[in-house]
Structures are given as structure tokens and as C-alpha cells.
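Okay, got some structures for you below.
Same chain, two partners: chain A is paired with chain B first, then with chain C.
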Partner chain A sequence: MLNTYLELIRIRFLMMLAYRVNYYSGIIIYSLNIGVYYFLWMAIYGDAGSIRDMTAVQMATYIAVAWMSRAFYFNNLDREIAREIRDGTVAVQLIRPYHYLGVKMAQGFGEGLFRLLLFSVPGMAVVSLVFPIELPGIGERWLWFVVSLLIGFVINSQINMFTGLMAFYIMNNEGLIRAKRVIVDLLSGLILPISFYPEWAQRILTYLPFQAISYQPSTILAKGMARGEIAHVLLTQWIWAVVLWIPIQLLWIHARRRLIVQGG
Partner chain B sequence: MFYTRLILGYFMQYLKTRLEYRGDFLVQLVTDLLFQGVNLVFILVVFSHTTDLQGWTREEVIFIYGYFLVPFAVFAAFFNLWDFNERYIIRGEMDRVLTRPAHSLLQVILETMAPESLIGAVTGLAVMGWAAMRMDVDWSWYDPLLFLVFVIGGAAVYGGIYITLTSISLFSDSKTDIQPIMYNVGNYGRYPINIYSKVIQFVLTWVLPFAFVGFYPASFLLDDDRWSILAMVTPLVGVVYMGIGITVWNWGIRNYRGAGN
Partner chain C sequence: MSFTRPFRNTEVLNRYIWIGHWHPEGGAFLWTDERAGNRKAGVDMNSIEAKGLTKEFKVYQSRSGLAGAFRDLFNRQYRTIRAVNGIDLTIEPGEIVGYIGENGAGKSTTIKMLTGILEPTAGQLRVNGYDPHRQREEFVRTIGVVFGQRSQLWWDIAVRESFRLLKKLYRIPDETYRRHMDRIIEVLDIGALLDQPVRKLSLGQRMRCELAAALIHQPRLLFLDEPTIGLDVLVKENIRRFLRQINEEYGTTVLLTTHDLSDIEALCSRVIMLDQGNIIYDGGLAELRAQWGGGRKIILDLAEPAELSQLTEKTEGLSVIWERHGETRFLIRLENGKTSVSEVLSRLVSAVAVRDIQIEEATTEEIVRKIYQEGMADA
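Moving on to the complex of A and B:
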């Protein structure tokens, strides 16, 4: 069974590799985004050495790491699922001997892996030449970052799946997908580290899964965290990753019953 | 006269299709507002940690951002050329356009226009107005006139650059990703230009003049005279870049061979 999913990951990876040229422009776009936020934050820092316990260099590193991580955890599972529901191919998927959502997750991971190797890694190299960022040397921090980022990927994919499955109920959920993307970018800490939000907002955000996607992994790498804190972060991330399966499963079970495919 | 009737006809057609899908319009409206809301949240939160952005106050930065939304909305409404390559070149609709007795670019613009994007201008004006009310902006009688000229100039800069990029499809039918890249460069124009490094300032002024879309005119309206000369050439820059766009387009049309047989 596991082999099936590994094979799905491999195939998606190879499929992406065939269209790799499309990704060079992505590196430029992400670098441009890093650039605009870099200059904005440097202007915000001005002469201040550190704001909210974060130095200017740490902030620059955070921006670069957060955007390059986004290249890994970002995927279009929401669009893919919505499209398969709309055009009816989901019916074919249903009769196959695997879990549809598991397949989607595997495909998303294949895509993520591809982007990590051919997008984030070279992108990070380019960015670290252009901007004065400081990455830690090979060591424990990188390990915890990778673990945390992986769970972040799972959580982001789960949110995507949930949005995609809404297509069972709202036929045209394109707007919902776009709105979700904007909200995730804001609340995950990608454009604004969570520690910069006002206290009340931070308190609300601790009860939401979004910061597990970007803020927590990026902070581990860019700023560093005490061991105990890392353990706490990883634990809450795991809990979210498990808990989020419940609404998705429920939605999936309920939605399957009302599936109507037109034509044959 | 011919063109006036044509534009009117296209507009009526547009209204009919839009009214058929009112839900989509609402969805677009909400997502657009959300997107602009996120940018405002960013500015507001950031200013709880600093008093100024390279000399610009919170209200000024918000004013500049609000101003930027207006020319951008005009651009988004009338130069909606994002899937030109897919629709006109690959699916061959360009051949139909070329057999008709009106200028090809005008036809394409009228067929793809999305005047609902003008809603963004209303948001922009509201944001600008809110910021202006909290500051002592000195309004002269000619400021509204200049505002109009600036907005048209800024939209023309954007439009010219995008027409030039779209024209690439007329020479080669392979897909390019330059448009999304340019979109992200354009975003640099909505913040004060003096936060960027000298190289970027130069590029945003003389190469890809997005600073003329948002920052230069907005700083002039804010009575900051450091960039007033540049603000004044906004319409000229708009004319020049629109001219480049139309020239490249016409050149591309002469070169166009079609994707099929």
C-alpha cells in the first residue's frame, strides 16, 4: 500500500521535472517578493537594532526562509480537487483501490519535493547572494526546521483539501480558493511574523492552525528557539495535523454521498 | 463615430454577459477587497512598531497605497490581457480579429475588458480619503484635475508595458511568464521609492517606470515637492510607454503568422 503512494510521489516528481522551465520564472517572482518585503522591513527597522526580539538581519533571513519555504508547501491541491469534482473524474478515482485524499497528498508531496530541490534550494542560493541574510551552519536547527516544515506542508495541504472539497457544495469555488490563499499568506506569518501582531490577535492565532505552516518553521531556522520551545511547537503542529483530518474525513464521507456526475 | 458605436456595442455586450453571472461578480468583489485589506493590515501592523518609514508617516504610506489602487484599477479594467496567448494565439481567435475593419488592439481590449475592476478605484479613493482626512493635505483647485491626469498617465504606463509584453505572443506562440513577473515588479510602485536601493530607484523611474503609477504623483498630492518635477512628467511617461506598446503591437501584427495552418 505504501508503495502505491511512493510511486505516486515519484511520478508527480517526474512529471514536474518534464516542465521544469516553468519554474525559473517562479524563482524570479519569489525573489521580487522577498525584495519588496526586505526593503520595507529595513525601512521599518531604520536605526532600531531589534523589534519584538528580532534583529534586522534575523528579519531579512526570516523573509527569505519564509518565501522559499512557501515554494515547498504551496500547492494547487484545492484547484485540482475542485476541477476533478466539477468535470466528474472524481468518480473514476472513487472506484480505484486507494484513498483519494491520500493520493492527492502524495501528489502534492511529489510536487513539493520537486520545488524544494529545483526552486527553493537554488532560489535560496540566489537570495543569499543578493541580500545580507544569515543562515545557521549545518546542525540541529536545520533538522528541526525540516521536520517542522514537513508538518507545515501537511497542514497547508489539509487546508487546501478542505477548500477543494467544498466544490461538492459550491460548484464555482474559485473565489473561495483565492480568498483562502490570501488569508493563509497573512495568518501563516509569511508577510508578517506572528510576533509582530498585536497581543489580542496573537492570542486568537494560537488557536488557529495557520502559524504552523510558515511562522513556526521559519522562526526555528531564522531566529532559533530553545529546545523546550521547539518541542512544544512540534507537538502542537502534530496535534493540528491529526485534528485537521477529522473535518476533512467527515466532509469527504458526506460529500461522496451527494456526488452527482453528469454524462458518462 | 464608427469607433464610438463600436465601443458602445461592445459595452452593451459586456453588460449582458456580466448580468448573467452576478454571483461571480460578487465573489470577485469580495476577494479583491480581501486582497487590499491584507495589504492595509500589513501597513497598520507595521506602524505599531515604528513611527515612520524612511520619513513617511502611517497616513502618508496609506495615502500612497490608496492612490496606487486607482490607476491600477483603471489598468486592470481595460488591459485585461492575461490570457491573450492562450485565447487569441493558441486557440486562433486572432485570425478572426484580423479580418475585421477595426484596429486589432482595440478589438482585443474591448473583448477582454473587465470594467468591474474599476471597483478597485472606489476602494482606493476611500483609502486615500480616509488618510487625507487625518492629515493636513493642502488641496488646490487644480489638484483634482492633476489627479485625473496622473491616474490616466499611470494607467497608460502600466498599459503600455503590458501591451509590449503581450505583443511577444505575436512573434512566438510559446508561453512566457514575463507578465506575472512584471506584475510583481509593479507592486514596488505602491510604496515610497526612497526605501529602495539606488539601483531599484533608477529602474523604477527610467526602465520600468512603475514609480510613476503610484509614488511620484501621490507624493506630489501630499505636497511633498522633492519629486514634483517627476510627478509632472507622469503623463509624458504614460504617452511614451503607451507609444512603445502600440508600436511593438503593430510591428507584431505585421509579423504574425498564426499558430495553426
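Moving on to the complex of A and C:
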């Protein structure tokens, strides 16, 4: 079974290679974003050495890491699932001996891996030359970052799946998908680190899965965390990743029952 | 005591080991089928067994006008449509069955229930011994499906990669795969296409690849939903020949829906005709022709002009109908099964000078059209 999913990851990797232009334009967009947020934050910092327990260098590092991580965890599973439901291709998926959502996850992972290797890693090298960022040397922190980022990927994909599956109920869920994208970018801490939110907002956000996508992994690498804190973060992330499967699976089972295949 | 279980032949009977035991309360023998636990082996059971298979859809009905649209926001009206209305269907292994009907007759819905995509609203269904919807992931390993209007190959990658992925999906050993696929690739003549991405293939090329893809795991049952739609005559012929071949060689059961009745003529011994969710005919193609073919037609071209009354006299006593189509051109309709062509001709040829004779039989297409237009009762 694992073999099957590995093959699916490989195929998606090949497909990404087939559309390289998309990938080049992605590089430009991400570089622009990092640049814009870097200069914006440096203007905010001004002469202040640190704001909310975060130094300017840590902030610069956070921006670079968060955006490069986004290249990995970000995917269009929501759009893909919605499109397949709308045009009826989901029927073809159902005659295959696999779990549709598992396959989607594998495809998302193949896509993420592609961007990580051909985009994030070289991108990070370039960014570290241009901007004054401080990355830890090879060690434990990197390991925890990778683990945390992987779970962040799973959680983001789950949120995407949930949004995509809503297409069974709302045929055109493009608006929903866009709203979700903004919400995830904002509440995951990509645009504004969670520690910069007001107290009450931070308290609410601890009960939501979003910060597990970007804020937690990026903080582990950019700012560092105590061991106990890392353990706590990884545990909550893991719990979210497991818990989120329940509504998705229920939605999938229910949706499959009321499936009307579009276009004959 | 009697067997209520139908047997096709004694060979099947012999393969069962029957153990009878006396049931004290019922006062009758109950029979235990030792093979029952082994039904999934799929040797003796029917490929498809459906009883009272029904599918209903809830369709959202929009009200008219702006006020209606506004009301729809809060209170939607639904209408239930019965796409498939309690059909019974039994298909035995090795059959090639044509499933025909007009657009919206419920063909595709049936196929989607049989392949496990849709859940039946009511009725019993066993396909290859499985409940298609509930046991979907196991079940789909035993079937192959080709949708003429949808590609199941990965659009952006080479055909070979798609095959490779399917091979992994179905967990086919290298050796089996090579032996089986080499042959299929050869017969379908797609060897040269394997390195091209699917999006660059023509429809005919793609369809042949789709067929190969559907057969990678050597399914016992093959569903074809309009496999020849939009294809030219040569490709159609190629595909039909291939289907006949795999049916003979591997004993693959084939159920195909089509609008092209020449597919049915070329392939199927049995036809199931669907109308508004009901089966209106289930039987042989030959019987269909015999029953509703409306008899043969003879078109006569005479050497000299003749009067209709003169000619009618000659065939006195035979159940034929004459029609005049021109000075020298006449059409004779023979009543089905009562009058033979030779009888009519032998009477005519001695009496009048005939320049040319054409004998026509109703095509399946005409028969089907007639049935749909006039309904089963009158046809």
C-alpha cells in the first residue's frame, strides 16, 4: 500500500516537472513576498532592538522560514477536489482501489516535495545571502522543525480537503476557497506571528489548528523553543492532525452517498 | 424435497459439495453449501445479480423570477427523480451484453451503481460477489471500467507512466504484467504511443490506451460506457475486434452501453433495453429482430411499367403489402414469419419481367427507433 502512495508522490513530482513555468513564476512571487514583508517589518522595528520578545534578526529569519515553509505546505488540493467534484472526474477516482483522500494527500505531498527541493532549499540559500538572517547550524532544532513542518503540511492539507469537499454541497465553492486561503495565511501566523496578536486573540487561536501550520514550525527554527515547549507543540499538532480526520471522513462518507455525477 | 437453486449445467453442480442435514423443527432438509464461504473465488456465481435495483435523485428545483430566487435562498424545493426504477438484472460470466436506451433512460446511473460509484437507493446488488458500494476498494480490483467521455489516464504524463502507476495500484507482479500487457499492447497497437503524454493523443489513440489501462489487472468484468463515441469506423472496428478477442480468450464478461447500435450488432448476443428507468427488453438480438423487425422488404424494378392491381393479383393469398414508388418501381412488405421471399419471387418472376431486385431487412437501429417511438406495447 505504501508502495502505491510512493508511486503517486513520484507521479505528481513528474507532473510538476511538466509544468515548469508555473514553478518559475512561483519563485518570483515568493521572493517578492519575502522582500516586501522584510522591509515592512524592518520599518516597524526601526531602532527598536526587539518587539514582543522577538529581535529584528529573528523576525527576518521568521519571515524567510515561514514563506519558504509555505512553499512546501501550500497546495491546491481544495481547488482540485472541488474541480473533480464539479466536472464529475471524481467518478473515475472511485473506480480505483484506493482511498480518494489518501491519494490526494499523497499528491499534495509530491507537490510539496517538489517545491521544497527545487524551490525552498535553493531559495533559502539565496535569501540568506541577501538578507541578514540567522539560521541555526545542523542539529536538533532542524529535526524538530522538519517534524513540525510535516505535521503542519498534514493539517493544512486537511483544511484544504474539507474546503474542497464542500463542493458536494455548494457546487461553486470558489468564494469559500478564497476566504479559506486568506484565513489560513492570516491565522497561521504567516503574515503576523501569533505572538503579535492581542492577548485575547492569542487565547482563541490556541483552540484552533491554524498556528500549527506555520507559526509553530517557523518559530522552532527561527527563534528556538525550550525542549518541553517543543514537545508540547508537537503533541498538540499531532492531536489536531488526528482529530481533523474525523469530520473529513464523515463529510466524505456522507457526500459519497449523495453524489450526483455531473455530466452523465 | 427439491432443488430450488437454478443450475446452469451439471458441471457446476458437480463442483458443489452438498451436505444435507435434517432440521428438526422445520421438518425439512436444509442444504449447506460448502462453497458458500468461497463465493469470492467467483467461479460459479453470476457476474451481476441485481434485484429491484433503484436509484432516486433529489433534484433542486428553482422557482422562477427574482422573488422566486429570493425564496429559494431560504426554502429550497426538491423533486425526487427516479432514474432507475427497480430493475432486475442477471448477467452470467462470459456474456457480452449491450445496454441501450435513450439519453436519460438511466443507463449511466445503472453503470455507476454497478461499479460502486453510486449507492443504490433500494434493491439488492451483487457484482462479482461483492456489494459494490460498501466493499468498494476490494470490489474495484475485480472490474475494469472505460468511460468514453472521461479519461482515466493521467492527463499530463506519458501513457507508460500511467500504466506503471496502475500496475502498482493493483499490485501486479512484474512477470504477470509483462506477459499480459505485452500482448494487449501488441493487439491494440499502442506500442508507439506509450511515451507520449495523454493530452497529445488523438481520441482514437487515447481510447485504445484507455482500454489497455482498464485491463491491466485482468478484470473478470469489464464495463464500457460508450466506448466508441466519436471514433472513426476503423478504430471502432479495431476496438470491437479486440473486445471479442479478450472475451474469447479470457472469458471476460462485458457490459457496454452505447448509442451506436452497430457496436451491439458486432458484439452482443444479448441486449437489455432501458426506458425511463425500466427494462423494456432483455433478450437476444436475433429475437429482438424477429419479434419487432417488421419483416423484410422487397424492392422491385420492372422492365416495363405495370399496374398495381395486376401485381397484387399475382401474390393473392400471401400476406404482403404492395406499394407503388414509381412507374416501374414497387415495394413489397412481407409480413414477418408468414411469407418467405422465395415464395413471393417465384410467383412474380414467371409473370413479369424484373430488371432488378433488392431485399431489405430492418436494421437494429430502425427497430430500436420504432420501439422507442411507439412504445413496447405496439411495437
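Assume the second predicted complex is superposed on the first by the 260 of 264 C-alpha atoms of A that agree within 3 Å, B and C clash if a C-alpha of one lies under 4 Å from a C-alpha of the other, contacts with A are read in each partner's own complex, and residues count from 1 in each chain.
In the analysis below, a contact is a pair of C-beta atoms (placed from the backbone, for glycine too) under 8 Å apart; a residue touches a chain by one contact, two chains touch by 3 or more.
Treat the numbers as computed from the prediction; the structure is a model and nothing was measured.
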Quiz item: Given the touch rule stated above, what does A:L259 touch, chain B (first), chain C (second), both, or neither?
Solution: second
Practice problem: Considering only the touch criterion stated at the top, classify A:Y19 as touching first (chain B), second (chain C), both, or neither. | Solution: second
Quiz item: Is A:V92 touching the first partner chain B, the second partner chain C, both, or neither of them?
Solution: second
Quiz item: Looking at chain A, which partner touches more of its residues: chain C or chain B?
Solution: B
Self-check item: chain B versus chain C as contact partner of A:L8, first or second or both or neither
Solution: second
Self-check item: Footprint of chain A on chain B - complex, ascending
Solution: 23-24, 27-28, 30-31, 34-35, 38, 41-42, 45-46, 48-50, 52-54, 177-178, 180-181, 184-185, 187-188, 191-192, 195-197, 200
Exercise. Can you check the complex and tell me which residues of chain C touch chain A?
Key: 57-58, 108, 112, 115-119, 136-138, 140-141, 143, 145, 147, 149-152, 154, 156-157, 161, 164-165, 168-171, 197
Practice problem: Would you tell me which residues of chain A are touching chain C in their complex? | Solution: 3-4, 7-8, 11, 14-15, 18-19, 88-89, 91-92, 94-99, 256-261, 263-264
Quiz item: Given the complex with chain B, which residues does chain A contribute to the contact?
Solution: 22, 25-26, 28-29, 32-33, 35-36, 39-40, 42-46, 48, 51-52, 172, 174-176, 178-179, 182-183, 185-186, 191-192, 196-198
